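Same chain, two partners: chain A is paired with chain B first, then with chain C.
Showing the complex of A and B:
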């Protein structure tokens, strides 16, 4: 038996109900016009205050790193690589030792956070910042020094106002200053 | 030298020139249209939880953005495609602007003129003339679409010609229903018959509603932005235009809306009515103050029309024609009947 496509009827409205619908639409529009709830983020003057657990940029603490390579192995985007170099061994004077440390390529990084999760000594951590600017693609491949420095949000450095978006039971999504509560944490 | 200044002043304040070019004509129209465009963007932004124009001048709420846009349009290249009908392509937007502006020449903004000239008040049929001149402009939209030799332009022009059949009769009927109660086609008499609160819009709401929606239909305001609907036909009849010519065409619709709003402010909202200039009044109290009152009323009408942009989506062509022929035309006829009854009973 061939399938019979069901026909949907286009709803037709009567004269009075369409007048009512128009009036309702105008009332809602007027309500928002008189009492607007603007949620635009004026970005350089305001920025979203990110929570501490935010999976933003990644920073290496070189002193904690045990060179286990777990981060480079688990990285699904091959963004994390180990750099190798010979340096004098502090425990055995006069001898050289092979050091390996992770570096990151933000052209490839997808901010999945697996490297931070897998790190056995918490040498890698997230920073609550995501609006870092690089002048060219080559800058996005960090070297060991740059990977240890905490990136700063330019809006935060230029004295922007930290804000947060919270849900209000009446108005919906509302923008408030992060200092004024901001919905916990 | 002083003779030249006097001559210049006489030309500047010669009523036909002053009415058409300065106020309520082109200069006042440009100022009000720029304000209305800004208001339209800000009102839509408020309703849609945005901010609208802001960064150009934060203290003025981004009002200078429109000036910036105007400057940008004026310095953009005017591209003339190979396939267009050159003369008609260039002439259409300019004639459209002129035809949108023409009703201003006959609309009186004061019962008395502080000049020795008796123009345009001598016209006893200025409502009829204004209506006739207001119905001229759509042909140039169609000409622009035809001259562009482009599929989108042709579709837009065809839509515009469909819309003309829908709104013209309604607007004329609705405005004429204000002439019936006072037994005159003179806008001065129509205004004088009303008082500050005894408005024709309150006495005859069907006619006012029909005229209001017909104005939206004729100037492609929301929800009837059908000829230039951006999502379907790129910019309708104005697809091939660029630079200043595009600005002129977009502005022409607003200037037509402004002319119709002035007409409605006079016919339905008692024009200059809180003021009552007597014969022999000076330039300020006899001409400028009534003019300002009329322009403020027209601006409020335009602002309400602009606010609708934020609320409505766009109707399809068939929905707009359905609304016009099946609902608005009976409404306009009802308004005309009410006007006739008022005229017969002598209410006003």
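Showing the complex of A and C:
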């Protein structure tokens, strides 16, 4: 069943409908004045407990990385770069080996998550945090050590209340405590 | 003198006086030239040059190009998959609609069809985006008219659909969801139930919108018979989208050239006759209703379908076990490393789709390499911008916000 066009007209409007329109507008305004539908997030007193699938900050698990460079190659913003260094090869004693691992520059990252999806060994993963604060621009260019540490949300660190929004057919979105929200930890 | 007040005494011809965000130049007796924008909250990222006779506009020139980012040229230096996040930045709140024809064009060149479930998932996000885009447009329209309730309500309700998109794709905006061959994620658990709740909620809210905005006598008085685009003028200027359908033309890409799963879904294309600012608002409300209807059908269909195959076999058949485990557990589609260096056969492809603001057209030419030889985009807002020049003259200056808002013109999309 493909789409069908349906011709309509704007509802006609006379003197009586303008009285009705005024009354309706005032009534609906009053209804929401008495029973407001608000879902304001009081950040940082509260913070959103992000769901597992959220495309947040990215963390490297160095042990899983196979140095394939796919993540650096697919990055649309050139945020991910490989660092190269020589180190002793554990398999061949006395020999050196070229290692390369990805590092990320959060000045450029657009959180598209393509690097995480293209990683063949799941060495990269998203963490549920999106409000990390850096004190200067240089800090946003992570080195290999920093890229392996999980960034923490400052609101979470300072003991904010984790909340979550759930769908409701009466109110649209309702803010609840994350423990009652369901849908993953 | 308070800001926003203009002293008229002793004003010589040729002298420029300033208002916040506006320069007013006297060009004759009772004739003024006003430069609105580009740093004016009511102009968006563009400048409108208005010439006034007293209070009546005699000439209106939209001056575009303030947010031109050379996207077409940038696309020539990027591999195929990287063009998707780039093009998304035209209209971040309509991200799936705006990039879908590009993905379709690349698929045509690669000679592959997305699997059925992927087609439905694309429609799902497209319609969520369409509703979010219309609500955004209506909110801006409301505040242009000084109706701040209509600004707050649609922006609050848009959050419902942004939240849905976040559950589906992992990102509130710029989803990068459709990729050549399929989509990047399957629906998470419990998504269709949440979707049905959102649909029920939005249906009720549209009735509230009618009461406080569309049937409000103050708004009716400001919109009725303002900025009328006749059927002939609409066709002559080549405008697209809801603005065209408000002028009585039955044209929608989903109707004339159904793409993805639209030919399997049952819905209407609302067309209004009047062509004024009020009809353009009604078209959007009716379109939201139809989008909700589509979403309902898609939710039913997704529930019945087996939860597999959102990526074409070319990129999935040889996927290692880890990839299939991740899909089974998280619904996330891992990409084969060849996506980073995707080579597309030589050829030319053309695709179009109906975005929130109208028809978007892509032309993609490949020379067989890793980057496109040419990507041409014609965006809906660019085609609608010309309307200002033709419909605003003859109205009073205070009708300009009503006309601007009802067109739902979005400069970043027009300038690319």
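Throughout what follows, the second predicted complex is superposed on the first by the 166 of 185 C-alpha atoms of A that agree within 3 Å, B and C clash if a C-alpha of one lies under 4 Å from a C-alpha of the other, contacts with A are read in each partner's own complex, and residues count from 1 in each chain.
Please note the rule applied: a residue touches a chain if its C-beta (ideal position, glycine included) is under 8 Å from a C-beta of that chain, and two chains touch if they have at least 3 such contacts.
Not measured: the values here are computed from a predicted model.
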| request: Applying the touch criterion given at the start, work out whether A:118 contacts chain B, chain C, both or neither, answering first, second, both or neither. | output: second
| Does the superposition put A:169 against chain B (first), chain C (second), both, or neither? | second
| remark: Comparing chain B and chain C in the superposed model, the one touching more of chain A is C
| task | With the two complexes superposed on chain A, say which partner A:25 touches: chain B (first), chain C (second), both, or neither. | result | both
| task | Return first, second, both or neither, reflecting whether A:8 touches chain B, chain C, both chains, or no partner chain. | result | second
| said: Is A:143 touching anything from chain B or chain C once the two structures are fitted on A? First, second, both or neither. | reply: neither
| task | Name the contact category of A:74: first (chain B only), second (chain C only), both, or neither. | result | second
| task | Considering only touches as defined above, state whether A:36 meets chain B (first), chain C (second), both or neither. | result | first
| task | List the residues of chain A that touch chain B in one complex and chain C in the other. | result | 25, 28-29, 32, 37, 39
| Inside the complex, what are the residues of chain B that reach chain A? | 43, 45-51, 54, 307, 310-312, 327
| field | Of all residues in chain C, those that touch chain A in their complex | value | 78, 81-82, 84-86, 149, 156-157, 159-160, 163-164, 166-167, 169-171, 174, 176, 184-185, 188-190, 194, 196-198, 200-202, 205, 208, 211-212, 215-217, 220, 224, 248, 250, 252, 254-255, 258, 262-274, 278-279, 282, 286, 320, 322, 326, 330-337, 339-341
| remark: Contacts from chain A onto chain B in the complex sit at residues 15, 25-26, 28-30, 32-33, 36-40, 42
| request: Could you pull out which chain A residues touch chain C in their complex? | output: 1-11, 13, 17-18, 20-22, 24-25, 27-29, 32, 37, 39, 51-55, 68, 70, 73-74, 76-77, 110-114, 117-122, 126, 165-173, 182-183
